[in-house]
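As written, the chains take the letters A, B, C and D, and residue 1 is the first residue of each chain.
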Amino acid sequence: MSGNTIGQSFAVTTFGESHGPALGAVVDGCPPGLELTEEDLQADLERRRTGTSKFTSQRREPDAVRLLSGLFEGRTTGAPIGLIVENADQRSRDYDRIKDRFRPGHADYTYQQKYGFRDYRGGGRSSARITVATVAAGAIARKYLRERLGLAVTGWLSRMGPFDLAPVSPETASGNPFFSPDPSRLAELEDYIWQLRSRGDSVGARVTAVARGVPPGLGEPMFDRIDADIAHAMMGINAVKAVEIGDGVEVARQLGSEHRDELTPAGFRSNHAGGTLGGITSGQDLVVHVALKPTSSIQVPGWTIDTAGEPVEIVTTGRHDPCVGLRAVPIVEAMLLIVLMDHYLRHRAQCGDVASPTPVITRPR
Amino acid sequence: MSGNTIGQSFAVTTFGESHGPALGAVVDGCPPGLELTEEDLQADLERRRTGTSKFTSQRREPDAVRLLSGLFEGRTTGAPIGLIVENADQRSRDYDRIKDRFRPGHADYTYQQKYGFRDYRGGGRSSARITVATVAAGAIARKYLRERLGLAVTGWLSRMGPFDLAPVSPETASGNPFFSPDPSRLAELEDYIWQLRSRGDSVGARVTAVARGVPPGLGEPMFDRIDADIAHAMMGINAVKAVEIGDGVEVARQLGSEHRDELTPAGFRSNHAGGTLGGITSGQDLVVHVALKPTSSIQVPGWTIDTAGEPVEIVTTGRHDPCVGLRAVPIVEAMLLIVLMDHYLRHRAQCGDVASPTPVITRPR
Amino acid sequence: MSGNTIGQSFAVTTFGESHGPALGAVVDGCPPGLELTEEDLQADLERRRTGTSKFTSQRREPDAVRLLSGLFEGRTTGAPIGLIVENADQRSRDYDRIKDRFRPGHADYTYQQKYGFRDYRGGGRSSARITVATVAAGAIARKYLRERLGLAVTGWLSRMGPFDLAPVSPETASGNPFFSPDPSRLAELEDYIWQLRSRGDSVGARVTAVARGVPPGLGEPMFDRIDADIAHAMMGINAVKAVEIGDGVEVARQLGSEHRDELTPAGFRSNHAGGTLGGITSGQDLVVHVALKPTSSIQVPGWTIDTAGEPVEIVTTGRHDPCVGLRAVPIVEAMLLIVLMDHYLRHRAQCGDVASPTPVITRPR
Amino acid sequence: MSGNTIGQSFAVTTFGESHGPALGAVVDGCPPGLELTEEDLQADLERRRTGTSKFTSQRREPDAVRLLSGLFEGRTTGAPIGLIVENADQRSRDYDRIKDRFRPGHADYTYQQKYGFRDYRGGGRSSARITVATVAAGAIARKYLRERLGLAVTGWLSRMGPFDLAPVSPETASGNPFFSPDPSRLAELEDYIWQLRSRGDSVGARVTAVARGVPPGLGEPMFDRIDADIAHAMMGINAVKAVEIGDGVEVARQLGSEHRDELTPAGFRSNHAGGTLGGITSGQDLVVHVALKPTSSIQVPGWTIDTAGEPVEIVTTGRHDPCVGLRAVPIVEAMLLIVLMDHYLRHRAQCGDVASPTPVITRPR
């Protein structure tokens, strides 16, 4: 396939562009009997929505999701769930100036070379706006996993440029416009973003997401390890340039005696592994970090070429976040939820009747 | 599927365990007409083979690959290529002592909980030995991409514990047992490994791989971006805990004005992006880094539980590398080659007749 | 996946129910640069539309398709094409009487046992109305294949109950409400349908479709033969109970000396094979027949059980065709087009650069 | 993929050619804990083996299967099961005379045009010999489904040329070289085959397979209906030109009042549908018929072209069955078993915890 589907047993196919009539997704494989309403999806969409704060892109979109199928009397039927979000605010005249030139850091040049031409309005299919559909699909997985397994995924901003943010109270991260897990740092972050904006520059970020209540046994041994599928999902998010599980890049400096997580009847003694061993969940918290590059659309002038290959100067104007990471938290959560949901169902296919003689050590016995 | 296949158009399915009769792969989708012999595969297998140096595991395996199908008169026919490598040295008595207990850092506990029991001999399917099959499959991709596109993939050890290794002469990395790209550091590395071995400990590593000569346009926009599929492939290698593209985790600290790679008619001015924009190759060098955790099998005693859930002490003996990263370079290369090959064919399916009016800036014009 | 996607390189995912808000599809993998408008799809939708004649179901639906993505300035971009058709006429009160009982010949009982409950309004996901989405997707394939390959697919009704219809002028079939390839038989067919309707009964049918201008070489050797994928697609149409290629069931009675199609420099001497040898197209006309069962919704009373398992009598009322085959022609054509399009792209992936030394015998040399 | 994999949750990938070193398969997704030995597979291989009777091809092959992976202490581990069968008798000199010419009815011309050249030894990948791998994989499904669900698949020859064979005692079909379900017809069949052989001609056949003990609920609603996936699997068998479910082609002549199967608390009153409604199993016997064309290799001279496109005469010699249908029964069974196994696991993924309030009517209550 052309890569617009993720998941095998819980398969999410998305469509839509920044400035087309609508965005949407088809979620195939959702188990029947899940109570689901448009409001369940809307909550996550609000969290990612542009225009919610002065620090993010000023595009105004209601992002009202409409469920088109797969439901009957308020419950999923097992049929595919079609959903769409209309694009209301499509000021495509903004983009006429870039139609003939390739913005550095954007997918303009690569789309041009792949397809021979491109939808230059807002990045077309490469726009971060597309993640609306992913977030909506993730909300379905979130509800199922919470209700059936007690599994919860929480994300936060763990770095923004020079600021490292400690998970002081990650559960409050969704309550502030920076998704900061440390409310005491908000003033600093706000100052920094205003400075960036005044200079027309942008900055990178790191987002952390943790899944709690994951049953042991999810993931497939070889290529479709749980962490491999998470890496695939995360690197599929716009602007992501690195994915780490558990201690991540730090493991390259660790000793074996430091890294390993000893087991006890009451649980693991540490979680350097980030919740997966051999690609299969251990029942510990699944810990994922992603690094997002700075927004490519900045007002600092730069050089590029035009569609004929000639050199031209470029300054990006329009509505842009100084830090794409600020809106990435709900997307990272959605991707993690989709992968976990898919693997929960895949595991049930092959091992639905397995009973291990060994007690699960990560839950109360 | 149960996750033992990677790729869609160039699909590699592997099978085999550490101590079973044989390992192997089926490579489906290879274009017809490629000249191919067992020797073409053997070269890469030699590079990953255990027992080639005193620094890696002492298991002795000839690793002679046998091509079973898909060839006629020395050329690929388009039919699936079956290949096997017999396991010659299967000292499974070594593993009796761990049959009832879970080695920390290994997949023992997670396999047990997933499947209800496990093949404890050498880690079974979770053994790094399985990568023999992947490396053999990667060698087929390597030959095709080199002959048809002039594409080359080179990897090296870029870090081992405290040592950062600069790419002084990456092309010589394959010639030394550390895959070090800096020959002047070999004595230090050797000293360090001997110390580790005497302490019964292990250390992590970082491997870098670069693909040169990649045509622009490979990769699919949304979930199957080239970097997403690379992340999936790399995180599917044993012990990998992080995958970075281009500047990787550092992007979280960068400014937009620093990160973006300007375009000129003669090429890009920098390569922070690592060769991909919007998930599609730009024609620049594709740059990938992976972090590998320290070998989990160490001789430092530690605590764990047994299959009944009771606490027990454990000391791993047997044949083990003090640094799994030392053998990972050919595996990382193979995975990158498989992904590139797959996406080259996938691109040809959808865009085989596309002609862009824009000149390719990354090649001599 | 849960089976709502067909095709690998040209992948069509559908969603929607008989009485939900809307039906739709996502078409992923369409090559870029194809000129496409909603009118291109509407033409085929008109051909399958209910309410076009007095002989088919009286449900009134405008079936206006809306293209939501994947297009820019009138051409496909390579991004997924989202399309929806709103359900206007959803008289779901009609179905209250069957909510607790299973209509014989319908999927009511099997959906109930699979999912634990069911959307009883008009059959929900099992309704033939869903084929609207398939027909729209097929129209995209039709346009591409006609413009790029000169390939054309034509279908007709080759049998209805006791009537065998010879392909006297198949190109006129679309012009009459029976899709009869023999205009001289229309009065008989009409009489018969009126009799059936007055008795409240229904009748089966056979539809034939032929693809002309198919290049040799499409199809994969083993499981995904062109005829295997056609069989999959056709048996996936509501009410289809048999799929035949070329001489079909008759081959069981033939001798080898009768069946084989001799080759000459000017082409094959016959076409018993129906255009495929070893699962790969030969360049001859691809000939497919499907048998469709009689409409299950009839007004002849019958016995069934209710959701509690108790016996009850049932008479189906509501809007129903006396012969589902009358509307199946555009659906059969659409499915054949989707399979051919998919295999054209799949073939290009693996064999895009193959040049055979043997001349193609099925085209003017 | 290139079409050498069948199934999603129970995925069978095969490789090998008629005259290569070995044939084989990888079976991925088999649930853990199934007791399995090479003998379990050998039994089905014996049934399909050439050389078992004077009526089938005289090629002598021991067909000893070797299990290479996925087993530990006699039970499946959940890891992929690799299996191979060495080709012992590879008299490839027989095929030199056809290397430059295309046998009518064979895949010679189509492979040539697809791949640019072909492995002409025994048909290469298009040989019926490849089904050895499928039959071995099917034997694994057979064992699982029998032991866990009490499901049994039985096949027989229901037609051979002019002979219709009634299922007088289908359970005895495996005991005679014709797989005839009516032992009283053996002498006639034998006479007929001798006549054919003396004339150097061949004949077509029809094979019927029935699955008993199928739980209701297997199959996916839209494209991957159980009957659609069965049609795909069956049409993927060499020489198959038609697939029918239940009443098959006859439904085109039936009335709705004849065809429908009424439901009662004690079961269905008839089985015209052949065990599936809306693509989902009803719990009734699943009834499948396939039509196989006559063997294409006959000794009646005929015309063809050579690789340069010039006309030449051809007479096929070598080892060939006068009726390929005689060996098809175990292959048809294997394919049906693979599809059922795959759908059993797929169903468990999505609906593993569904409980329907409606009693199952096809089993003793």
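Some points to look at:
In this section, a residue touches a chain if its C-beta (ideal position, glycine included) is under 8 Å from a C-beta of that chain, and two chains touch if they have at least 3 such contacts.
Computed from a predicted structure; not experimentally measured.
Among the other chains, the CA centroid farthest from that of chain B is the one of C. Compared on C-beta pairs in contact, C-D and A-D come out with C-D as the pair having more.
Between the Cα centres of chain C and chain D there is a gap of 26 Å. The distance from the centre of chain A to the centre of chain D, each centre being the mean of the chain's C-alpha atoms, comes to 45 Å. Counting partner chains per residue, chain A has residues 1-5, 8-9, 14, 29, 32-33, 78-80, 114-117, 125, 221-222, 346, 350-351, 354 touching two or more of them. In the complex of the two chains, the chain C residues touching chain B come out as 8-9, 29-33, 78-80, 221-222, 345-346, 348-354. Remark: chain C residues 1-5, 7-9, 11, 13-17, 20-24, 26, 28-29, 32-33, 66-72, 75, 77-82, 84, 114-119, 121, 124-125 touch chain A in the complex.
Contacts from chain C toward chain D in the complex involve residues 1-6, 8, 14, 102, 104-117, 123, 125-126, 130, 159-162, 196, 201-206, 216-225, 227-236, 238, 241-265, 269, 272-274, 276-283, 291-298, 300, 302-305, 307-311, 325, 346-347, 350-351, 354-361.
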